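You will see two complexes here that share subunit A, one where it goes with subunit B and one where it goes with subunit C.
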Partner chain A sequence: MSFLIKKGIISCCFVLMMASLMAQDKYFTKSGSIQFSSKGVIETIEASHRSVTCVLDSKTGDIQFAVLMKGFEFRKAMMQEHFNENYVESDKYPKSEFRGQIVNNSEIDYTKDGSYTAHIKGKLTLHGQTKDVEADGKITVKGGKLLAASKFKILMSDYDIDIPGSVTQNMSDTINISVNCTLELLQQ
Partner chain B sequence: MNKITYILLTACLVIMATNAIQAQEQDLLSMVKDSAKKEYATGAFKSSRVINGQSMEMLGKGVLDVRILHRFGLISDGAKQFFGLDQATMRLGFDYGITDNLSVGVGRSTLNKELDGFLKFRPLRQGIGGGSPVAVVLVTGLTVQTMPWADTARKNYFSSRVAYYYQIIIGRKFSKAFSLQVSPIMVHRNLVAKADQDNNTLALGIGGRLKLSKRTAFVVDYHPILAGREPGTKNPLSMGFDIETGGHVFQLHFSNSIGMNEKAFLTGTTDDFWKGDIRFGFNLSRVFQVAKKKR
Partner chain C sequence: MNKKRIIIGGILLVIVLVAVYGWYQYTRTVQGLTNVRADFSVNATELINEFVSSEDAANKKYLNKILAVKGMVKNVEAAQYTIVLGDTSDMSSVRCVLDSSANTTAGALQKGALITIKGAITGFNKDETGLLGSDVQLNRCVISN
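And now, the complex of A and B:
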């Protein structure tokens, strides 16, 4: 009897171990997109990025983003140069990262097609400054893929990015950020 | 048997525990390789010119750069000439970026009523974390002076008005603040004053930038003449400040040269910087995005 129990426990352990080692619960993309805009009195400054890296662990709800600042594309070459040179200082701070968690991860069923609201909390590092960020987003499960989308706002002043007096009419301190990623299963 | 069971159980628990710990503070981003996208150094110079000479910077695609250049009289002329500001020569120019690596430009100078045009091509960009350590830029241009002929008695040819120049710029942005370029340049004048004179003038351009703040920089532009010097001319030397204000770049500087195209400043600089023959000048550059950038 006791031998059987022991055998049972060992089997269980093995099954759990195998499950945790072989678990296919991480999703990723390297071609996510981020758009941002800053609405000034005179003009709206917009940029987009199409090589955003995002990894999501459906088991823990951990979600992380990384983006190379130089990959943001603007309509005007001059804006792009000023963005890299004067505002985010891309040579000094080439990358921006977000590391956070889906707070209500348990409410999302990654195995079932459907649309779920996700509350995300985490830390955004930009221009060498790290700040807490909270955002609401939507995760749509469809055919084994995840569509993650979110919109949120940050303040440039929070990240030590200053706007010179001469261009305060051209942009605002508030940056609207929109994220769209299609995540696929990460094969390990 | 019992022993083995315990060992196995412990091993299982340890592995599970480490898994749990990993889950606590895992670095998900390290699981996917960074996409090996090529990155290039940008903003080595604020403008497409160091001061007089072309810089390793290119205009973006679809960008029109309107350039208004002034060179004033000698500061040493004193208060009577308002330190040279009473006399000005100017050049009005339009540069356009056909692609990110190919630009054209035309200009007109009041000095010698000269027209000039150039083609600027960048075959090699400076990479970041791999790629080329330097940028290579090729420039070729021509100038046409349109003054009335000095001697109308002799037969004059249009080709005598024309000069050409060829330049290779090799530059590197060493750090956020410091950029340096060398640019051998040859000017060929179809007509020179004397028969025994060389039509070709060879110079070595040296241009440097030191950023003082995000929007200001100190720049030096020096062109020692190596061969074929026009008699009586000196090496053009300019130094000044780049000041950026939104869409404008102001280049304020002091120099001994008055010419604002390559032929003019390499074969027509008669003042000696080190003897105090210095003039104030400025380049004003205003860029407009006239065509849509690729998305």
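And now, the complex of A and C:
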């Protein structure tokens, strides 16, 4: 009997220890930001999002982003309406996701303050289409927090997003994306 | 002669009106929500439950609508202009990003206070990791009381 209890306590301790170890590997934010822009002949189309969810597992280098398409804010109302209704069809495809990995994760020391270059490879799902994406980013470790920043480009045509003929002049197929997140250690 | 003038004048008037309307549409900025009436008034916890039990049904009901959400302030992330509403015992929340014109009031809010926030719902971010909690998100928010 006492052996069983002992065994129970030990396995409980083990589970708790594992849980705390696991928790300390993960960093997250729910208020990351993404900006995108597309340079046209007449003007630049710009939008920003301030509720980006990101989870980074420092042990494996797995990194995930999730963003609700309707949360992109434009200055001009018409652009915002067209973006939602005609381009990304946010009623049909409300969410965009990136799942990937920091390829050179072993080069990043998450326990030491400093700035590191991260090479990221993964899959971006947007407008119902999933495509491989590669990007370079910077991870800055500072006081237990991570500042993650990256700039990369995607093509609208890769994601089945059509530009109506009447506005091709004012929009380029290339979208510049800039990601900025401050990740905190996930406490449980 | 007179008839011709009227026709030309009429055509010009139509062109001017179309141009004015087009310019108005083109330059129209996203409106603030202070004076907009909410389509739905809901409790934060009830709203979360609706999305948790059926995301599709809740999306159909709420997306593209303006919501007035009443709830307890769980957290204030002043640097991110975000107010988090919901029950502290639950990981899920309603996350409200304030309109840039309303930024100044975020820091003054106390945790635990019961408030109503009006905002545009942007959807439900379902958490698949089981670590973060699923959230309903609102943007362009203003504090309505």
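Going forward, the second predicted complex is superposed on the first by the 165 of 188 C-alpha atoms of A that agree within 3 Å, B and C clash if a C-alpha of one lies under 4 Å from a C-alpha of the other, contacts with A are read in each partner's own complex, and residues count from 1 in each chain.
Heads up, the rule we're going with is that a contact is a pair of C-beta atoms (placed from the backbone, for glycine too) under 8 Å apart; a residue touches a chain by one contact, two chains touch by 3 or more.
All of these numbers come straight from a predicted model, not from anything done at the bench.
Considered on the superposed subunit A, subunit B and subunit C are sterically incompatible, since they clash. In the superposition on chain A, A:68 makes contact with both subunit B and subunit C. Of the two partner chains placed around the shared chain by superposition, neither subunit B nor subunit C is touched by A:153.
Judged by the touch definition given at the top, the superposed model places A:138 against neither subunit B nor subunit C.
Contacts of A:78 after superposition: both subunit B and subunit C are touched.
Comparing subunit B with subunit C, more residues of subunit A are touched by B. Of the two partner chains placed by superposition, only subunit B is touched by A:164; subunit C is not. The clash between subunit B and subunit C in the superposition falls on 127-135, which is one of the stretches 73-81, 109-117 or 127-135. The residues of subunit A shared by its contacts with subunit B and with subunit C are 26, 28, 30, 51, 53, 55, 64, 66, 68, 70-71, 73-78, 80, 91, 94, 186, 188. Residue ranges of subunit B in contact with subunit A, taken from their complex: 1, 5, 8-9, 12-13, 15-16, 19, 23, 26-29, 31-32, 34-35, 37, 39, 42-43, 59-63, 97, 100, 176, 214-215, 244-247, 287, 289, 292-293, 295. Taken in their complex, subunit C has these residues touching subunit A: 25-31, 59, 63-64, 77, 80-82, 95, 97, 120-125, 127, 129, 131-132, 135, 137, 139-140. Across the interface of their complex, subunit C is touched by residues 26, 28, 30-31, 50-51, 53, 55, 64, 66, 68-71, 73-78, 80, 91, 94-95, 186, 188 of subunit A.
Note for the complex: subunit A touches subunit B at residues 3, 6, 9-10, 13-14, 16-17, 20, 26, 28, 30, 48, 51, 53, 55-57, 59-60, 62-64, 66, 68, 70-71, 73-78, 80-81, 84-86, 89, 91-92, 94, 97, 164, 166-167, 170, 186, 188.
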